[in-house]
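In this document, chain identifiers A, B, C, D and E correspond to the written order of the chains, with residue numbering beginning at 1 in each.
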Amino acid sequence: MSKLVMQAKGLVKRYGQVTALDGVDFELRAGEILAVIGDNGAGKSSLIKALSGATVPDGGEILLDGKRVQFRNPMDARREGIECCYQDLAVAPAMTIAENLFLGRELRRPGFAGTVLRQLDKKKMLETAIERMADLKVGIRSMTQAVETLSGGQRQCVAVARAAAFARHVVILDEPTAALGVKEGNMVLELIRRVRDKGLPVILISHNMPHVFEIADRIHVARLGKRAAVLNPKKISMSDTVAVMTGALDPAKLPAECLA
Amino acid sequence: MSLKEKLPPLSQLGPFIALAVACVVFGVTTDNFFTAANFALILQQVMVVGVIAIGQTLIILTAGIDLSCGMVMALGSIIMTKFAADFGLPPSLAILCGIAVTTLFGLVNGLLVTRIKLPPFIVTLGTFNIAFAITQLYSSAQTVTNVPESMLWLGNTFSVGESQIAYGVVLMVALYLAAWYWLRDTASGRHVYAVGNNPEATRLVGIPTDRVLLSVYVLAGLFYGIASLLTVARTGVGDPNGGQTENLDAITAVVLGGTSLFGGRGVILGTLAGAIVVGVLRNGLTLMGVSSVYQVLITGILVILAVAVDQLSRKGAR
Amino acid sequence: AGEPVIGLITKTETNPFFVKMKEGAQAEAKKLGAKLMTASGKKDGDTAAQITAIENMVTAGAKTILITSSGDAIIPAVKKAQAKGVQVIALDSPFEGADALFATDNYKAGVLIGQYAKAALGNKPAKIAMLDLFPGHPVGAQRHNGFMTGFGLKANDAKSNELSSTPETVCAADTDGNQAKGQTAMENCLQKDPNINVVYTINEPAAAGAYNALKKAGKEKGVIIVSVDGGCAGVADVGKGVIAATSQQYPLKMAAMGVAAGVEYAKGGKKASGYVDTGVTLIAGKAVPGVDSKDVKTGTDLCWGTK
Amino acid sequence: MSLKEKLPPLSQLGPFIALAVACVVFGVTTDNFFTAANFALILQQVMVVGVIAIGQTLIILTAGIDLSCGMVMALGSIIMTKFAADFGLPPSLAILCGIAVTTLFGLVNGLLVTRIKLPPFIVTLGTFNIAFAITQLYSSAQTVTNVPESMLWLGNTFSVGESQIAYGVVLMVALYLAAWYWLRDTASGRHVYAVGNNPEATRLVGIPTDRVLLSVYVLAGLFYGIASLLTVARTGVGDPNGGQTENLDAITAVVLGGTSLFGGRGVILGTLAGAIVVGVLRNGLTLMGVSSVYQVLITGILVILAVAVDQLSRKGAR
Amino acid sequence: MSKLVMQAKGLVKRYGQVTALDGVDFELRAGEILAVIGDNGAGKSSLIKALSGATVPDGGEILLDGKRVQFRNPMDARREGIECCYQDLAVAPAMTIAENLFLGRELRRPGFAGTVLRQLDKKKMLETAIERMADLKVGIRSMTQAVETLSGGQRQCVAVARAAAFARHVVILDEPTAALGVKEGNMVLELIRRVRDKGLPVILISHNMPHVFEIADRIHVARLGKRAAVLNPKKISMSDTVAVMTGALDPAKLPAECLA
């Protein structure tokens, strides 16, 4: 079994009277695609927000490569090479697509202009942006148009492309294909595979079961703020998975080979 | 990229349109308006508010607001003149002290906004009062005279044709260009827009939003310090009564210049145009011999018209 | 086109004192065939606006500028104007380098009402409320400190911009020279010490506000309110017993003299010079022994300086 | 629904906490602060700004701002007193004329904001100037005296125990309760929040956002008219010098009261608390015998502290 | 063939240099569920925004029950009984779930309090909100919590429930199931069927082909700002549909029975 890249034990997160995470455990192995599924409100987004430093959990611990880490903000996680594409699309609507792609990871021009005048290399960023978006086969006319003028799916592609482009350690994607068309959705799956093939593990939250079964190595089922089970998509059927997810089927009753 | 795409979008031309319209009207109705000397004069008249408005623009771009700007500027001018005139500090050192104090005020504003998450309106209302009181107490409400000549250099002028350009005006324009470059062409400048546009997204992307905000407030304090020096150079004294109306003037310049009070949208050169619009109105109305109450009335109407022209022209373009 | 252009720059637009000054200048200019331009600051102390107005008026061709200075920050602009051959006359508020000063002595105005209040109070222990303008204003300080000197209390001299205080001045508050705020200030002072028996006010609107507060508290009898300005409304209030005494000043006179000097300069090229005191007169409802004062009738005839 | 859910969330208690803290401090340090008479007095002193701040709150809830409020109020008071004193109009009619003028100004503000989509800051800066000029011109900058007694009725007081309550204070409280009811319990009131919170969503849901905005500005003008009447009743005259600082005072009350300048969040009763906080500070500091420069200094510090206490207590509660 | 409820001819909508709608035609028949599919940026949202008054088209005409209508704003459409759930969720985040559900359609109390004092019937609205959300099987603890505290899917349910509850003529749903879990997604399909069974026609934009094929009576395929074809899901395969959508298959080459 390959080594654990990321691990969480007994994470707790409360919002006022709502307990979003109720002692959830989590394991991500090297080089795998881990799908996280669950009903609406099961605590999937809350989980990955804790893993990426977007919120600070109230309890529990997170280990990265076996070492305990404490992320106080997204910057801490980013420094460790963890990139995340959030469900409520963290984009700056008034800024251009290229700017959004490189937000916080801007390229500077080489030589004097870059090191002393700290001038941005807008041309290079533009070219790279065009390339990255072409990877996803999104037909966007101009990379210098503001994100607020994009269609819902186009906007999502921007956020996904950003996370995939800059990760050095872990990629986290929260429902990246939700607003995407058939073609664009397949492109994102393709992109995820490419990232995995580079050796980076990917956490993929999705409600799209065909997608999950097409691509995931293991499936983490979130339920009522806890982890209900970790399933092996090669051994379990889609309908059983949904049954576990909705609570209709007790995972303890599953044959051991279905678990992963 | 076609020429059309290279031009700024029409939304950023608004203040310049208003400026042009005002100029034409005054040029036709008065004799002395359309002279190079008069334009040089107007620039001199707006240079203090102009520099304050740079700091104000930065803060408004982050969806903040700074009511303390003028009073902090006044405090800075008292500090630098008193340190030089009363304690005999060398002018350069005295100037540095003044700028240090205004920057400190910027830092305090910034810390209160970022650490305790207080609304900028309240924070800077508080520091407005504090700066005012310190100015009065420290100066004993006395104008500081005997300011060394070398501190006034920025108020001196050089001739270009028949008009007299003040060095301070050159400095103001240089500062605008520098701020423009910074906001447009550097990562930290773009982050100012991002923080104002969507603070949560900016934070999630891993940009230290608090540090961006703090640096904006500190930088604004620095600009207010430079404005202190300019007002000293322009008036030749340290004036404890100065700075009471500059906050509204500066915010007006920013908003006339097309920057949104909700943050994240605007171009700093518009602020310069906005400041000049106000100066042109005042100058042109005086030249027309409009009496002072009517000046207030007409200014009120023209300010609304200036923005309305902008808005309507944009609608037409759609 | 041949008529001389004269500029008048006041501190603000709102104070009746300056409004009257503008009216006086307007009337005189009409009489003498001059063109008058006017400008003012947004607030008292708004020197930036005054400097801008000086420059703009010079550009517009004014040969004489009359100005009630908001502060010494205007001096370099005045010097530049003078270098271009413009005559600059200070009205009401002195500053260094003016060609001439037509003004009134605010410190003396304070001293007069101080002496009056002391005499009117007699031997009773004084409990004084000081209703000031706002911090840092020279006129406010001169009237305040003058009043205390006249009352026989220890106070700063005429040059100081700091407000003195002694145990007798039991309460001090700012009014912005505005009636509503004067009333609020007096109400708060009465809470602090209900036995206040002398009220100094920066101007007559503040005095009217103070009287309102006293009346609401049922204390208007036996409290001496003194003030400065001597405007027509203020003198009428003296007549009604609202204000015990006020130091009357003459803005119309200042303005008329200024305009005349401007016309003179335009015609003959002779600049005015020196200090002309336009005078202060104590107007009191009831004269008290040992203090010179004029009655309300005289005050009404002279109010604002109508000739 | 448990008791806990029925209580207002802590975020809305902030201004009341600040108020309580200020009262305790002044109560301990001065003799006369903690008397019923003194509280009745403070309420009288804040009633004018208090009523203006109702209108201001409505506008700020829609993410707008109104700089013209105080000057419009002053214009209204000049109109009603002059119409009554000079033209001998019956007081009730004169009052109606004054209120009609302030409401008209609200309408103009609202039309410029909704029809031409101008930023409220600029619109009301313009109408501030216009109202100021009209006030000065129409009154010749003279205080209007000889106001008929019956116009001053709201300034009269009745006794409750040993304290004197002004009828105007009762009116102010009644207006606050009415506004509170409207905002909380009626559809049109909720739409004010919705427009401020997400104007685009509100439009898409099929609410006529422009009509909501317009009605808010008109209503604010109406409140300013009532404030005109209150200031006349309080001072007994029509004062052309009034109204110059009320805009900042009212906005301060709103923000101290916990309403967000970005719209959509806030409770109007907080504004009342905010207005009273300012009055309490002024009263308490005078009672303590703090001299005026230091009053400015301390007010600056206390305003910041008041909001900081609020913020920190909320953090603690999380 | 049942009568046309809504019809659009040659609608054009331009945003600056981008032509979002390039002369699109559209037909909605009485009592049907019409799916609208297409790539990201194909102009689906732009189309329904024009139909619901959210934007004013630059050209073309819209007919409702055969009569020409011009919607200048969403209010005009609402007056005709058209309700729409937009993709970028038109909710007021600071307001509660119940308030958002009834925004613009508030209930007043009976009697004096309602007619004269115009008091809202908060209790009734709360109860109805609980009912409606229960229909969708969303586990939300309290209807008086602010919408900004909800998970992505829960928020979507609020918007969907609102549109379904108030329509009297046409219901338009723009990707209503995008953020929903398997169970909640099925509930929304169930809701759509119930609406149709009441006799109201439904326009459903979705990228989820299984959902579309499960529920749609006809499929409108949007492509590059135009209508590429109208397909009959009972006669055409999912893969052919996707091929038409992406432009790989020319609809003219399809057998006539596949078209609808």
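In this text, a residue touches a chain if its C-beta (ideal position, glycine included) is under 8 Å from a C-beta of that chain, and two chains touch if they have at least 3 such contacts.
Everything quoted here is computed from the prediction, not taken from an experiment.
Trainee: Looking at the contacts, which chains touch chain D and chain E alike?
Mentor: In this structure, no chain contacts chain E and also chain D.
Trainee: By the touch rule set out at the top, what is the minimum number of steps from chain B to chain E?
Mentor: Minimum number of steps from chain B to chain E: 2.
Trainee: Which chain pair is joined by more contacting C-beta pairs, A-B or C-D?
Mentor: Per the contact counts, C-D leads.
Trainee: What is the distance in Å between the mean C-alpha positions of chain C and chain E?
Mentor: Comparing mean C-alpha positions, chain E is 72 Å from chain C.
Trainee: As a quick test, compute the distance in whole Å between the mean CA positions of chain A and chain D.
Mentor: The separation of the two C-alpha centroids amounts to 49 Å.
Trainee: Just how far, in Å, is the C-alpha centre of chain C from the one of chain B?
Mentor: Each chain reduced to its C-alpha mean, chain B and chain C end up 34 Å apart.
Trainee: Using the average of all C-alpha atoms in each chain as its centre, how far is it in Å between chain A and chain E?
Mentor: The mean C-alpha positions of chain A and chain E differ by 29 Å.
Trainee: In chain D, what residues contact two or more other chains?
Mentor: Where chain D meets two or more other chains at a single residue, that happens at 132, 136, 293, 296.
Trainee: For chain C, write out the residues touching at least two other chains, lowest number first.
Mentor: Residue numbers touching two or more other chains: 13, 135-136.
Trainee: Name the residues of chain A that each touch 2 or more other chains.
Mentor: In chain A, no residue touches two or more other chains.
Trainee: Go ahead and list every pair of chains that touch.
Mentor: The complete list of chain pairs in contact reads A-B, A-E, B-C, B-D, C-D, D-E.
Trainee: For the complex, which residues does chain D have touching chain E?
Mentor: 1, 5, 181, 185-188, 190-191, 193-194, 197-198, 200-208, 264-265
Trainee: Which stretch or stretches of chain C touch chain D in the complex?
Mentor: Listed in rising order, the residues are 13-16, 19, 132, 134-136, 163, 165, 170-174, 176-180, 183-185, 187-189, 191-192, 205, 208-209, 212, 216, 233.
Trainee: Help me check something: in the complex, which residues belonging to chain D touch chain C?
Mentor: 30, 32-33, 35, 37-38, 41, 44-45, 48, 132, 136, 140-143, 145, 157, 164, 231, 234-237, 239-242, 244-245, 282-283, 286-287, 289, 291-293, 295-296
Trainee: Okay, in this complex, where on chain E does chain A touch?
Mentor: For this pair, the touching residues of chain E are 15-18, 37-42, 45, 87-88, 138-141, 145, 149-154, 157, 175, 178-185, 207-210, 242, 245-246.
Trainee: Once bound in the complex, which stretches of chain A touch chain B?
Mentor: My answer: residues 54, 73-75, 77-78, 84, 86, 89-95, 99, 103-104, 106, 108, 117-120, 122, 142, 144, 162.
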